[in-house]
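To keep things clear, I will list the structure first and then write my remarks on it.
Each chain gets a letter, A, B, C, D and E, in the order it is written, and its residues are counted from 1.
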Amino acid sequence: MLNIENLQVHYGRIEALKGVSFSLAEGEIVTLIGANGAGKSTTLKTISGLLRASAGKITFMGRDITTLRPSAIVNMGIAHVPEGRRVFPKMTVEENLEMGAFVRKDQKGIKEDMDRVFQTFPILKERRTQIAGTLSGGEQQMLAIGRGLMTRPRLLLLDEPSLGLAPILVEQIFQIIDDIHKQGTPILLVEQNAYLALQVANRGYVLETGSVVLEGDAKDLLNNEHVKKAYLGE
Amino acid sequence: MKNNRLIKILVLIVILVAAALYPIVVQRGYYQHLAVMGCIYTLLASSLNLIVGYTGQLSLGHAAFYGVGAYTSALLTLRLGWPVWAGMLGAMVMAGVFGVLLGTPTLRLKGSYLVIATLGFGEIVRLVLLNWMSLTRGPMGLTGITRLAPWAVTKAHYFWVYFPIAVIVVVLLNQLVNSRTGRALKAIREDQVAAEVMGINLAFYKVLAFTVGAVIAGLAGSLYVHYVTFVSPDSFPVAESIQILVMVIVGGMGTIAGPIIGAFGIVFLLETMRALAEYRMVIYGITLFVVIVLMPDGFMGAVRRVSSILLQRGVRHAPAGD
Amino acid sequence: MQNFIQQVMNGLVLGSVYALIALGLTMIYGVLGLINWAHGEFYMVGAFVGYILAVRMGLPYFVALVGAMLIMAVFGIVVERVVFLPLRGRPNMNVIIGTLGLSVFLLDGANLTMGPDPVRFPSIYTDQFIRVLGISFTVQRLLVVIVTLVLIAVLRLFIRNHKLGKAMRACSQDLQAASLMGIEINHVAMITAAIAASLAAAAGTLIGPIFLVNPQMSIAAVGKAFAVTILGGLGNVEGAVVAGFTLGLAESLTVAYISSYLKEIVAFAILITTLVFKPEGIFGKHSVEKV
Amino acid sequence: SKAEKEPIKIGVIGPFTGPNAKPGGRMKEGIELAVEEINAKGGINGRKIVAIFEDDASQPAQSVAAAEKLTTRDEVLLVIGAYNSACVLAHMQVTEREKTPQINPIAVATAITESGNKYMFRNCATNPMQVSQLADYVLKNFNFQKFAMLFENTDYGRGIAEVFGASVRQAGKQVVAEEAYNIGDTDFYSQLTKIKNLGPDALLIGGNLTEGSQIARQARELGLNVQLMGLGGLSSPEFDQLCDGANEGLICTSYFEVGTDDPLVKKFVEAYEKKFGKPPEMFAAAAYEAVYIAEEAIKKAGEHKNLAEWRQAVRDALAKIKDLPGVQGPTTFDEKGQADKKVYIVQWKNHEKVILYPTGK
Amino acid sequence: MRLLETKQLTIRFGGLTAVDHVDLVVNKGEIVGLIGPNGSGKTTIFNMVTGIYTPTEGEILFGGQPIHGAKPHVITERGISRTFQNIRLFQSLSVMENVLIGCHCRMKQNFFDDLLATKKFLHEESQARRTAIELLDVFGLLDLQHETARNLPYGLQRKLEIVRALASKPELLLLDEPAAGMNPQESLALMALIRQVRDRGVTVLLVEHDMKVVMGICERIAVLNYGRKIAEGTAAEIQSNEEVIQAYLGRQAKTGA
């Protein structure tokens, strides 16, 4: 359903992506792994329209979305939980979640989803009226994920969702990812924790300095010597 | 390292010699006048740069320090008969006091709040100068202020005194911003919390920046007043503060050369634009906008960008193999 | 007592003027995060547009008022596209200088096209007097206060109930994240600029008949508008309104009971004292920065 | 030779942009007209004259730069200007140092001619001169006991208040209110309410026409029905226009009156109306007159090869000018360079001015 | 010897008690871990110890002296330094300048020395540069000394923050999630570095969610939950503590990160 062809992205004159191609099928979890600065976040930002590709093509459900604006892309059903949380610091937890449902009109569904988020992250329920800027790092991370879920997306882009989360929550997050996936929402997952990512994903791509150097079945990648050495710390 | 120093000193000597010759080569008093004003604005822009460019405290009240310096020097020489050099010292001290006065209450203010508070401060100072009749003669201003010295008759004489003063101040500022103090200021600009946690006394350094900036602006005020020999509150409106800020930003803030280029550049540009008559300000407005959009880091930023592109090219053409 | 009531009334009129001008300023700051140095000129241009519609073209006053607001809305959109957009996300100082360029351009542009002479902008309400209990004012003055209050109420409803209000707040905090929520930032920016400019037009058209219309009117207005905006807390609509009226009353009563020399100083003194004790304005919420 | 055909350069400093762009424009028009007329007659001593206009935007620092440019770059023979006293006070040391004669047609601060500057000449009445004439007239002809003053917070307004207040007190009458406002202010309800409460018989407006017209209108709105008085600019047709009738009965001084039967004035008014399509007002007249004073002096000074000598000769000729007819009445400079100018006292009646003094005219 | 001690340390934000009567001891030369669920108050304790927040109740003793309520810069001078959960480098300054700013409180010249480039200035400056170069070298950042901090990859920015903190010659170093955003390979290298720091005589208090790192290098670990200390002990003790597993580690803790 998502197809990336020969994507190139520049920051000024720095080439961050040097022709990346990959695809994601209906109902799949695909993970991008790679060292710091490999271009993972850049890829996600380009898909969601925050960055402009200098070459290449992105198609979503058969439509070319390469040059669409972020709002149009969100309206097509792609939700992006960005790196670094990016919660609205002066809005309350609840308002932040409402913002996630900005493009939706089904009041009832919104209410349901909000309850589900609170169920998943009980601490957010406790912090409901707190200004998001004063939440702890992990709480903000939960809020960002919750806000992404509020979109009820057709495709979810997650950028390092486990960053700064307690181990028990990391487990939970991956559980949630699995749940969302089981409900039929495909996910494009970027993670430092390559081990967990490859465990939950169907397929994976390894990105190094702006290019895909390896791709394959997640299980295969888990056993790949290069991946083991470079990303699993074994 | 040593070589570098030598080059710097050589450059400085060349500049000084060129400057000394300027009034001889350029005979017209008008251009000499612009050069004198350029020196005064260099002091103003460089000192504001310390506050805005290095410490990151956006201030729109700089003309207040300029005005306080001008009035202090004028009153000390006029009313108390102090010699001009003492008037200058007095101006610097008094402006410094005002620097502390503005710096202290604004310690907690950030961003736009600071901008508007400093703007308000500038207005208050101007309004006090305007309304404290018994001291300042209010809107009438002060006339017949002592000239710099009995021998200072032509503009060339003024230039020969003011230019070295500007050079000395700039050299001192350059030394300052590359020292522990300067780094502390830059750290505050970058991240106040991190700066504090690195052991920097926020309150002290912020007030210090305002004070040093004010002292230099006060000196500029004194130089101005003994040159023009007249002063009135009209000379220090908010527009003047903004003009100084324009010089800093257009020249390139947070650099030493930027404000100097900005000061001389704007003084000469505005005068050149006199030819445009009533279209002058309209075109100036457009120019400002275009410049700030195209050169967000000012002239110095543009120079740096261009030179880095050129350098990069050079590297690419270098033979391969490291 | 009569004197006091008259002075309070005077203060309310002044306060409406301040509030109306400051509203647009605070909205542009609140949503786009930029200090619009040219806002005084918006007000001035708005007044001229109202003047042209009402006096030169002879349209009925209220038609001219609405017309000026619509025309200025378009003007606001153009300015957003041409001027604000290139400055978006730039540091404060650059924005100040950039919009200063716009301000100089509009001011001297008006000088060139409309001439520097003040013009009278009579409306039918300027010559109708209300005199009760020894206090007196024109209907136009009353109109200023009433229309201001109505506009504020409408604006509040709009911001509160319309999704746009929320979108505006989100944009003011994080443009990128807002766009990820599906908010069309460009639309929000244009609508904000349009509203701000049309509020300025309303201010100009309402106030023009009371005073005079000339290019210089922008200068006196903008300093006060900034003071009001900050007092009310940047980006805070309710704050701007309350601060506007506070300042208007303070000035009026200063003249009445202290000295007219202090009228100007009062505005800035209130501003600075407030900021010293409450750095985020009267209505700004104080929050400890989370590290 | 070629040099002789070169035109004589006259520098003009004025506020052609900024808050006083309006009167600045009138000043410019007056000068343009005079220059045109003189050149049409063949110039001075066979040479054409040109006026070089420099804007000071009412800012002293810019005014200094303008004076520097005119005297040292353009090398003008003499300078006319400026509008604001602060600007003249700031730049007069430049013209003095460059030994360039200057005629100041508008700025009224006393200090300008009191400072011993040998190159400064002023062809308009100073503040004390016009204000005391007004005070004398009002005190003599009306039996007012309580006076109020509302004046702009500038050297101009403050000077008016000082002199007028002194005259009133000297006559044993009372000043009940002295209120100030700033240039650019638009709302005077607060000050006027306060004044109304103090119950004066007459109100002196010490300011320019923009604010002055607002004050007159707002006084009427508030029902402050007392004798209004004003100076200078309040006698101009624009003031009448802006007042919309609120100036009915206002008594005011005037340097220049269109309606007199002085042939010089008639000729000027005619030519001005032809060229600019509107009647002239005082600033145009004063500036126009200044050019003719310059013409007279340049004519008397004769030809000089050396600019410094020429300027000196013009200065000396200016100092000797005696009873030179002009549109504001005859000009004679005293040893300080101040011309002894009489002013008119007029009253607005039904959008027309009635001359109250001097009664003969 | 007790280097840092908190006694009944408490802070409230409105109705929320973020840190609730916590007693914590860090001995000289130790590496101590501070862990706990998100929002349990770890960063907040750091903020109180470094003077950014003032405790509502309780005391903080450093080397036996009370430091609560003191300004951050004073505390740094006393010998506590830290890194931030969200990196806070001086972004547009060079790597070298970042480290020199770290040296700030150990330099003795005054304003006039700086202004006039006195002997003292020259001496102090070269001294500081030497310290900076040495530290950068140890952390492998020396080649990048002229690079602008902003341009460094994430992992190196974390390292630079540690170097900057060390430049103030602290006795106690507080690290807030230094391994966040690092891959397992990089975390391993970080562990080695932290040990090295301790071997230079710096005591370390570490907040981290990466259990490999925490269990790997901490001699003692304290666990917070809802602002309260719920456990304290060695890695083994903590890992088998039922309450900690419940609240924080989760069942599969050992398989994961």
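By our rule, contacts are C-beta pairs under 8 Å (C-beta built on N, C-alpha and C of every residue); 3 or more make two chains touch, one makes a residue touch a chain.
Since we're looking at a predicted model, the values are computed, not measured.
Asks: Within the chain touch network, how many edges lie on the shortest path between chain B and chain E?
Replies: 1
Asks: Fewest touch steps from chain B to chain D?
Replies: Shortest path length, in steps: 1.
Asks: Could you tell me which chain lies farthest from chain A when each chain's centre is the average position of its Cα atoms?
Replies: Computed centres place D farthest from chain A.
Asks: With centres defined by CA atoms only, which chain is the most remote from chain C?
Replies: So the chain farthest away from chain C turns out to be E.
Asks: Measuring from the mean C-alpha position of chain A to the mean C-alpha position of chain B, what distance in angstrom results?
Replies: 49
Asks: Just how far, in Å, is the C-alpha centre of chain C from the one of chain B?
Replies: Each chain's C-alpha centroid was found; their separation is 32 Å.
Asks: Suppose each chain is reduced to the average of its Cα coordinates; what separation in Å results between chain C and chain D?
Replies: Chain centroid spacing, chain C to chain D, equals 36 Å.
Asks: Rounded to the nearest whole Å, what is the centre-to-centre distance of chain A and chain D, using the mean of the C-alpha atoms as each centre?
Replies: Measuring from centre to centre gives 74 Å for this pair.
Asks: Could you say which residues in chain B touch two or more other chains, in rising order?
Replies: 131, 193, 278, 280-281
Asks: Scan chain A for residues touching two or more other chains and write them down.
Replies: 134-135
Asks: Indicate the residues of chain E shared as contacts by at least two other chains.
Replies: Chain E, residues with two or more chain partners: 13, 43, 52, 84-85, 88.
Asks: Can you list the chain E residues touching chain A in their complex?
Replies: 13, 16, 35-40, 43-44, 85-86, 153-155, 177, 180-188, 209, 211, 247-253, 256-257
Asks: If you look only at chain B, which of its residues touch chain C in the complex?
Replies: 52, 58, 60, 105-106, 108-113, 115-117, 119-121, 123-124, 127-128, 131, 193, 238, 242, 245-246, 249-250, 253, 278-282, 284-290, 292-293, 296
Asks: Taking the complex as given, what residues does chain E use to touch chain B?
Replies: Chain E residues touching chain B: 50-52, 71-73, 76-77, 81-82, 84, 88-93, 97, 100-102, 104-105, 107, 109, 111, 113-117, 121, 124-125, 128, 164, 168.
Asks: Which chain C residues qualify as touching chain A in the complex?
Replies: 163, 166-167, 169-170, 173-174, 176-186, 287-290
Asks: Within the complex, which stretch of chain A touches chain C?
Replies: Residue positions touching the partner: 48-50, 69-71, 74-75, 79-80, 82, 86-91, 95, 98-100, 102-103, 131, 133-135, 147, 151.
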